[in-house]
């Protein structure tokens, strides 16, 4: 960290933070949750002042519309005009190029909800404020108990997300002795019956579903109709609030692993976040904590590292703090964000469904192996 | 007699693609007989007909039987009783001959079959048995002359107040030229015709009046005979310097020229009132 | 009567689309035939104006110019230079499409594939081989041309809308393959540029200026090559093929090789553009291989003015500016404060872009360049007619 | 028409037996679906002859031209061009072997200028048309030739007009100019005079005559203007219902009663 | 065996969906030569309209489904008419420009839907019976497939009857070839074009409502995601041939199902290859009229 004298010299000037996220485009809903969380988090970390040690933290939001070319161009604009901290984006396809920019230009980058494992340990300048795929999968593993000898089928889309999940399951459960097999569906497919049959043909002991996108409802319906639930327990990640109605008839038969839902964690930070979001007219959602934690990390980095990138990186590395999900650690070696995860179930609630906590999974249980080792 | 002209055109100006092709064309088509529209290539004959039909941008006044039609959409003009035979035949190549004809049958309402009298159909059948035989052939595969027949038949199927006919004998065999000329002559007895024709023999035989265009303007109007029988005028207005190879074509035209003189005397009587109208 | 014939563009034009003068040269040739002087003047004007423009563009990074609302900042700042470089890149891409569609009349729905081949090809070659940047580019270009020749040779067996669909299908297959093989291409998570063998001068925000110059050089290169092709005898035969294939054959020439040549030239240049795209964005996502992206190129070419080289260039620049800056406009405070009826559409940049595009197609048939020429001709025409009147 | 000399004396150059046949068809036939469109047509055209082809509408004249030029493929018979069997050659291969044609309805590059239309024809004939390394120039041989051809048919003043904007008659003239520029040895003319104003007919007749006389081209001419056909033809072929009725000197043909009734329509 | 039955029957169901999407497209494209990229938006809008209806009615009754279909069709027809009057009409006979305006319209409308209904999918439910299954030769066939097949057949017959028993088909085929000549025969070709566009739009609206039932959701991307298959089906089937489109829909869907099951999810690639192969062998498509 630089000397106090330097800090106060810069004290008058504001610290610029460029937030690049999806305000429009297909992931706009995630973007909105992230932004609300971020504003709440910074507010919380600075006690509502928006200032750290007398330096105002200026967030400037810009829209990448989910397009990496736009994001890079926005990042270059920000970096070129002296910004040292870039945060955000909800899509992995945008986060990785931004991480690349961070390394090329030696600035601090804190990635948002993008789940790709590849972001962890990608370079010295890149951090993450959300969870990663490995943690999802490890949560499922924790639910399974002792996996050895069990047959696990990963059902997902045949793209980076699905394949990443399949690989992670293999790494987590396969390593623990499970027989992992995957059924991957072409991304553009609209008829899932044949794939449901494939799951059945595999005679699984556990089905792990990794799915994103609009076809979720149709997929679950096919699984119900072909009676996959009768064959084996099914687990999947609980997505955002808007999707709670997508699981249809299968809702109460699925064991969900969850990154976050409002009633999951039980701690003060979470209460504060939920209160602050509700006050702002927002609903706490899957990616609220990603934004909130980003806010906390920004405040901490600025407080400890001042305007110096290396100092900010050093300040974040190994930092343990209380986040909305409880005790959270930025692992020094690869910047993985070590955090607890949740198991949940959906229960009928009038017309819709609400998640209920089944179990909190300890942060260390689901911690990814150190990247690059 | 004081029959008024069926078509009165005043100050017709037209543009294609922003370029002026007609300038202040005024002409009248008498209520009977054939009026020939003559001129060298590219002077605007076809454009005149298209402008009358509303197929190209135009301004000026056009009256059909005293009613202005210059602001009507093309199909409205046609529904007022104007038949059109276009220069390039413009048959619908992907439709069959029968479909081409069916499409041309006009009716008061839509969809119905009424409006075309059996006599009309018979007339067309008599004139062009060839194409009736080919009802189910796609018009695009017809020979050039056959397509010309379809184009003519489409116009002759309906009762019209005026026919606009653009080079109907182009591409027809001499025999058919004769027959089409006969047909037009017959048609002209019930419906006036404005005829564009390069074949002066045909024009001479049919036309009562003639209008000559040059450079998008009318340069002459009057009785056809006055123009076509006056060699020096023909040369001056149409640029025709005596028919080529006259000697070789003697045995072919002898017969026709006899017809011609008869026709001309026939026409003579009609020409008086029209001459008055145009002067 | 005047002897001038301007290409018909009126709405009531009753000829099929293909008969309208869309050929850059024919536009020029078709303007007043009589006065050779104005033609030679024009012949000189184009290169001179081009050169001046080139110089201005080249020194832009050294200047401190700001165009508020259009550019995000002063011209020397990296963000602005990056945006300008993207503009130039898109202009180049549009030019490569002009070779296919504008000159040869080949409506391809799969042109994005070649951009993707360039970007992914270079990315993969750099990542998997120890080759330096230039050798890697050569390898990629050779590969790209091979792919273009093969797919072009197959798709050109059909024509018209069938050709469009076959190219669409190939591009779709390419897109599926890219998304489905993340271990090679990174899939949705993007393929990053491996910078080990890339000269340091092309890496990092402080060097954005160099990347801008690379993009400018690319545009000049593509413009020269496309102009070359268009002006060459082969280009003229390609234009003739667009107009009337049978007639070309009756004159004893084979349309197929000419079309294939145009296809490979267009696609090959797109591969080069793709390589620069990778450098500029230091990564690539499957978006560039999507059918939407091809449509975007089509939009650009039409926006600028179909059939004209400068149209493609102008279209590429304007489109990119709009695409990036409308996003900023849409999220601006002014829009936020509008009533919902206005705010909802205005806060969607793509809505604005789509609407604008529709308006251009409807009301500005020659695209932006056509609009420019028409305005200029209007002025000149009025001056001309008064001169005539005086004479 | 200042470029053609009027009043060139006319003489029928009769083909002598056993001369050099440049284009021939043997047993040519075309059936589409159940219809016989061309039926067993055999024809030999000696070098330098001008053969008129007449017949009622729909007799198969245009189709015969399509078969000879490769636009359509026969279902029977063979076509020989300059001693080579070209039955299965493509349109462009036959064009390169010296066959040129015009179309009954004008078939032009409507979006290119008149000059460019003719220039393309001239360049195609000279070779190297698809060169990437050479450019059309105002002074190059092909352009100079093109402008001369336009002069010859009386279209020089339209050189910079888009071909699509020409009037019908002018398009016919452009077709002929393109043919002149391509300079083929064997020429198929499908109703070149249809729609041409009477004023311009003599000029075009002279142009066609010069093709044969001065350039030694072999010409097949379909035309319904009898005076033109009779004026130009060395021999006359008569098509009827897809068959070749007769092929002889004009006097003999014109005297044939079938021709009189079916074609000329004179109830002799 | 039961697996094969399941694949075939659901394949036919998927084919029915493809046909519902493609029918309007094929009608408009085949008759008018307009490759309507905005067709997907018509479909999405129909689906949203249907959803708005069913969410106002008590969700899940047959009446509300029928009403959704009617409203969806009406909305589809109305936007199609508006599109035709405002955009397409000005560009008759300029097919490339027509394609382009529809591209622009598609871009703009998808963004507009994003703005109005949000980017998240809204979930749709219909009569409970549709979510149930019946055993057919040992395979569990979801009932909504039967609904899809039934409606697809009805739409096919309806459009064929329209073309056969009215003059519209004739007028439009002629109008596409040479519009000014049709007007020169005294026919108001513009009206005919509008009517056909409206029918295409109504078909899209119905397709949209049923697609949303089938997928269980509506999102701004719904139409666009189906559009590419509709294009492929239309082109394989052959220009303007509705029957061709129907056959191609079945072929594509069944092939896709089988390839997805037996050839490890290569359905998409197989369809692309099928398209290329069909066009290379028969450039005019399976039942295309024009060569």
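For clarity, chains are labelled A, B, C, D and E in written order, and residue numbers in each chain start from 1.
Keep in mind that, in the parts below, a residue touches a chain if its C-beta (ideal position, glycine included) is under 8 Å from a C-beta of that chain, and two chains touch if they have at least 3 such contacts.
Chain-to-protein mapping (UniProt): B, D = ABC transporter ATP-binding protein; C, E = Branched-chain amino acid ABC transporter permease.
Here the structure is a predicted model, which means the values were calculated and not measured.
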Ask   = What's the chain with its C-alpha centre farthest out from subunit D?
value = A
Task = From the Cα centroids, identify the chain that ends up most central relative to all protein Cα atoms.
result = C
Key: Distance from the mean Cα position of subunit E to that of subunit D, given in whole angstrom   = 50
Request  = Could you put a whole-Å number on the gap between the CA centroids of subunit A and subunit B?
outcome  = 79
Message = Centroid from C-alpha atoms only, then distance subunit A to subunit D, rounded to Å. What do you get?
response = 76
Message = Need the CA-centroid distance for the pair subunit A / subunit E, whole Å please.
response = 38
Query = In subunit E, which residues are in touch with two or more of the other chains?
reply = 111, 114, 180, 228, 268
Remark   = Shared-interface residues of subunit A (touching two or more other chains) are 24, 158, 186, 188
Message = Among all residues of subunit C, which ones touch two or more of the remaining chains?
response = 5, 7-8, 14-15, 176, 347-350
Query = Given the complex with subunit B, which residues does subunit E contribute to the contact?
reply = 166-167, 170-171, 173-174, 177-178, 180-189, 289-290
Remark   = Given the complex, residues on subunit E that touch subunit A span 3, 6-7, 10-11, 13-14, 17, 111, 114, 118-121, 123, 125, 131, 133, 140, 142, 214-217, 219, 221-222, 225-226, 228, 253, 256-257, 260-261, 265-268
Inquiry  = Show me the residue ranges of subunit C that touch subunit A in the complex, using the header's touch definition.
reply    = 72-73, 77-83, 86, 176, 179-180, 182-183, 186-190, 192-193, 195, 203-206, 208, 277, 281-287, 323-324, 327-328, 330-331, 347-350
Key: Residues of subunit B defined as touching subunit E within the complex   = 53, 55, 73-75, 78-79, 84, 86, 90, 92-95, 99-100, 102-104, 106, 110-111, 154, 158
Task = Enumerate the contact residues on subunit B facing subunit D in the complex.
result = 16-17, 19, 39-43, 46, 87-88, 130, 141-146, 148-149, 167, 170-179, 198-200, 238-241, 243-246, 248-249, 251-253, 255
